[in-house]
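These are the structures, in structure tokens.
What follows is a pair of complexes built around chain A, which joins chain B in one and chain C in the other.
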Partner chain A sequence: MTVAVVGAGPAGTRAAEVLVQAGLRPVVIDEAPDNGGRIYQRPPAGFRRSDGDLYGTEAHKAQALHRRFDQLRGAIDLRASTLVWDVRPQQLLTLRDGRSETIGFEQAILCTGAMDRVIPLPGWTLPGVYTLGGAQVALKTQGCAIGQAVAFLGTGPLLWLVAYQYAKAGARVAAVLDTTDFATKAWRTGGLLRGGRTFLNGLRYVGWLRWRGVRIVEGVVPEAIEGDGEVTGLRYRTRHGTHHIACDAVGIGWGLKPETQLADLAGVSFAFDPVQRGWLPVRNEAGRTDIRGIYLAGDGVRIGGADVAELAGARVAWAVVEDRGLPVDHAAVARLDRALQRQAKFRQALDRAFPYPHRLAAGMADDTILCRCEAITAGAMRAAATAEVNRTKALTRIGMGRCQGRVCGPAAAEVLAAALGCPVEQVGRLRGQPPVKPIPMRTAAAG
Partner chain B sequence: MNERRSDVLIVGGGGAGCSAALHLAQRGARVTLLERGLVGSQATGVNYGGVRQQGRHPAELPIARRARALWGRLAALVGSDCEFEVTGHLKLARSEVEEAELVAYLDVAKAHDLPLRMIGRNAIHREYPWLGPVVVAGSLAPDDGAANPRLLAPALARAASILGADILENREVTTLAHDGTGFVVTAGHETFAAPVLLNTAGFWGGKVAAAFGELVPVAPMSPIMLVTEPLPWFIAPNLGVVGGNVYLRQIRRGNVIFGGGRGENDPVTARSRVLPEPALRSMHLAIELVPALADAQVIRSWTGIDGAMPDGIPVIGASTTTPGLLHAFGFSGHGFQLGPAIGAILAELVLDGHTDVPLEPFRIDRFAATIDANKGDNA
Partner chain C sequence: MRLVRLAETARPAVAFTLDGAPATALAGDTLLTAILANAEHVRTSEFGDGNRAGFCWMGACQDCWVLVQGEGRVRACSTYVAQGMAVLRP
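Entry: the complex of A and B
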């Protein structure tokens, strides 16, 4: 039986590369029409923006990854536009063109990537509010901005990158509002310089935006996205008082969170990660898990960024090669391990520089819609607070809607923990249920 | 040894156990309920939510009638209606054979004063134009409905604790015994004692019974439930079919909840899981009933663990080996509606020594002969 790679982003591409090199022909599955993942997502055919415009400083990495993937095409079984909606022992349940198909595997490498971590605030459900990732995808794959005057709010490298990309593409950036204090970042600079490039890029984006006259405010406390039926502005607080900026769209995001649903459904153990402040699937340095045949790599396990994902993808593939009893290039593995260790230190510094502002989440006003799928307020959750997040979900419907808590889950856990006065890890994590993402009723068994 | 003593000890915090705690506490009994996880974690909390009398085994109908009355006063009883709504239950026939079964049930219903209205071939599509052509007839029980299963056990438990019952969650029972004068039950390092023990432990009720020498052929079952994204509301009644391979209802928020087929489970860890093939088959059967659902998206599925009996009806009543032990388990996938009444009945059995509902068909020893025969085969 075959090796399956779920996700054709940086991790999945490098995993496939090693597997092919070892003489295997993996099945590579991705929800998107083509490879690249979110970060290096390929534009649709006929799209004419240059790679430099699309990927900025990372263009050479995107090009290298795409080139490698194109070389692999004949040597892999690529299933694009295909959703993996459930996983069973040695089986992936996939959906493509409305049909369900079961793909058998002996080893599956899950490179499921990440999504934005958001903190709900009043007005975040207005049309015109996007995640930072969503705002970026609109630009990358459709060549359009989310509004005429866009404010960006949140924290982390993506906040500055997206704002830079928007401004660079000619969009009007109304403001960049970072909830992290400038002091925090400055204090961590020493740690950041250990890794180098990402931080230097960040500084470059900030400098460039300042030079272009974009309003930049650090250490803000967001109060509300304003508007009636559409976004008209954003209100926030600083130590100097309350401020208002006019805008017609807002991109929000507080770092990324791994898409761990498949690992969860596969039965992989989870552990609480105090630095990234979330429950993450447990895997060893090589990417092996406690479930036979399930391997993990990339941002779908723990947020590390694209560079780490490429390394981890290659590393985990070598683990698969080894477990299949095929010859392993030990020198290559040692190089990967060393590089991953270096990156881990940098990542830790980055996590500390842009911490998830959990108090902001925990302190959201009672009337803020926390779960947007089911329209449940933070107050409703507080009123029904029980010692465990799944029970609170059962009583309030929080996290029961279309997104299954993928969007509101982290913030909901903070609200609950604060209401109970306990550490956030104590309230547990929302259990995954198939399907991973919505599937149409008419999905018929085939193949 | 430090024992916690009460008048009645209840093992299992589902609908039956929590309702028993409430009804006993209402009459002044000192009650302790031990629940392995959280109340309503398994069959009571994760089922379809049907509050249905129609189609039940004739032996269950007197209990179902009583339960229906309790559902009607649930808000007064526990301070929450648990989203109970009288929607009517429309049981559908997809063939002439199934139609004949619906007709035959009219007599059963009549004998138990259950209002039921047969809807024929032409009328059914006139009254419910969204039904698929596979449907040939239906029978409507206007008094039936549905509720939110996640709310029932917590609401009953809350009401019971307000009246003084000790509802102890995260207490997995480790040993059960009768020391000649009363029951002694341990959960971890804690010991509980009472002259009366109620076994309302669902599938695990079989284990509790076995501790007192009563072997029951109860098997774990995990009915699969699915739910769609919200759609404009158009399906008023709770829908079932003859044979029961699919059931479907739409809540006011718009989501369509449907079920059918079985998942897998591990009673040791109490984990259960939906399986893709039966889930896909349920989607197919649901679309056959209501073709307009074809384009809806399924957003979630779930299951839990119930106890299934070979004859599809539960064990209810006194132990045949141990005085003071009463059983109510093995509801075989349709105990949600009954739960509130089971607790009332158990309370009567404990405090009055009798109840007005005939319990003979639910005797625990009704399979004794089979079990002994099987033992012989194995020997």
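Entry: the complex of A and C
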């Protein structure tokens, strides 16, 4: 039986590469129409911008990854535009163009990537408010800015990167508002310098934005996105008082969170990670899990960025090769392990430099919409607070909406923990349900 | 808020209808782009809290569902516009 790779981003591509090198012909499945994953997502046919325009300093990496993937096409069984909506023992349930298909596997490598972690605030459901990643997708794959005057709010490397990409592409950036204060970031700089170019790029973006006269404020407390039916401005607080800026669109995000639903459905154990403040699937350094035949790599396990995803994808594929009793290139594995250890140190520093402002989430006003799927407020969740997040979910439906808590999950856990006066890890975690994304009812019934 | 096209504007035009009215998009636009280049929102929340215009652009939040004649409910951010498509905003 075959090896399946779910996700054709940096991790999935490098996993497929190693599998092919070992003489296997993996099935590679991605919901997107083409390979690349999030950071190296390819624009649709007929788009003309250069890789330099699209991927900036990472253009050479994007090119290398795309080239490799194109060389692999004949040697893999590629299923593009195909959603994996459930995992059963040795089976992936997939859907493409409304048709379902069950794909059997002996080993499955899940490289499902990440999405933005957001903190709801008043006005965040207004048209014109998007995730930072979403704002970037609009620019990268559609050539569009999300508005005429765009404010960016949140924290983390993506905040500065997306603001820079917008300004560079000719969009008007109304402000960049970072909820982390400068002191926190500067204090952690020692560890960040280990990351070499990644960190220096970050500094370059900030410097360039300042030089272009973009309003930059650090250590803000966001109050509300304002507007009646559409965004007209953003209100925030600093030590000096309350401020207002005019804008017609806002990009928000506080780092990323892994897409762990498939690992959850496969039965993999989860553990609370105090640095990333979330429940993450457990795997060893090689990417093996406690479920036989299930392997994990990339941002879908723990946010590590694209370089780590490439390394981890290759590393986990060697584990599969070994478990199938095929010859392993031990020198290559040792190189990958060393590189992953170096990256882990940098990542820890990055996580500490841009901490998730959990108090902001925990303290959101009662009338703030927490669940945007069903317009459920933070107050409703507090009123229903019981000691376990899945119980509260049954009472409020928070986490039972169409997105299955992908969007509100981390913030909902903070609200609940604060309401109960317990550490956030004690409220448990939202469980994944098949289908991982809404699909036609008849497919789920037949599956 | 309206999307602002900053690049890739030389693509061929695509005619579609939005709530029955004629509208124009560019080949390679997703429905989210196609709609927001023509209008302010893509759907109305069924929970009475106003209009929505998508959120994540990557198929995760499910806040961009629209109806396409002959296809039913689709995610606007993960569906490409096509010539003659009839799009309804729920």
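In the analysis below, the second predicted complex is superposed on the first by the 441 of 447 C-alpha atoms of A that agree within 3 Å, B and C clash if a C-alpha of one lies under 4 Å from a C-alpha of the other, contacts with A are read in each partner's own complex, and residues count from 1 in each chain.
One rule holds for everything that comes next: a residue touches a chain if its C-beta (ideal position, glycine included) is under 8 Å from a C-beta of that chain, and two chains touch if they have at least 3 such contacts.
Quick caveat, the model's predicted, so the values are computed rather than measured.
**Q** If you stack the two complexes on chain A, which partner ends up touching A:Arg391: first (chain B), second (chain C), both, or neither?
**A** The answer is first: A:Arg391 touches chain B but not chain C.
**Q** Mind working out whether A:Leu132 is in touch with chain B, chain C, both or neither, as first, second, both or neither?
**A** It touches nothing on chain B or chain C.
**Q** Between chain B (first) and chain C (second), which does A:Glu230 come into contact with in this model arrangement: first, second, both, or neither?
**A** second
**Q** For A:Pro438, select first, second, both or neither according to whether it touches chain B, chain C, the two together, or no partner.
**A** Both partners.
**Q** Of the two partners chain B and chain C, which one touches more residues belonging to chain A?
**A** C
**Q** Once the structures are superposed on A, label A:Arg38 by its partner contacts, choosing first (chain B), second (chain C), both or neither.
**A** second
**Q** Applying the touch criterion given at the start, work out whether A:Ser100 contacts chain B, chain C, both or neither, answering first, second, both or neither.
**A** After superposing on A, A:Ser100 lies in contact with chain B but is clear of chain C.
**Q** Return first, second, both or neither, reflecting whether A:Val162 touches chain B, chain C, both chains, or no partner chain.
**A** neither
**Q** After the superposition on A, what does A:Arg402 contact: first (chain B), second (chain C), both or neither?
**A** both
**Q** For chain A, which residues belong to both interfaces, chain B and chain C?
**A** Chain A residues touching both partners: 374, 401-402, 438, 440.
**Q** Under the touch definition given earlier, write down the residues of chain C that touch chain A in their complex.
**A** Its residues touching chain A are 1-12, 27-30, 33, 37, 40-42, 45, 47-63, 72, 77-78, 80.
**Q** Given the complex with chain C, which residues does chain A contribute to the contact?
**A** 31, 38, 43-49, 53, 115-116, 125-131, 133-135, 137-139, 142-148, 169-171, 229-231, 248-249, 259, 369, 372-375, 401-403, 406-407, 437-438, 440
**Q** Which part of chain B faces chain A closely enough to touch in the complex?
**A** Against chain A, the touching part of chain B is residues 38, 45, 150-151, 154, 228-229, 253, 274-277, 279-281, 283-284, 286-287, 293-302.
**Q** Hey, which residues of chain A end up touching chain B in the complex?
**A** Against chain B, chain A makes touches at 86, 88, 93, 100, 102, 374, 386, 388, 391, 394-395, 400-402, 404, 433-435, 438-445.
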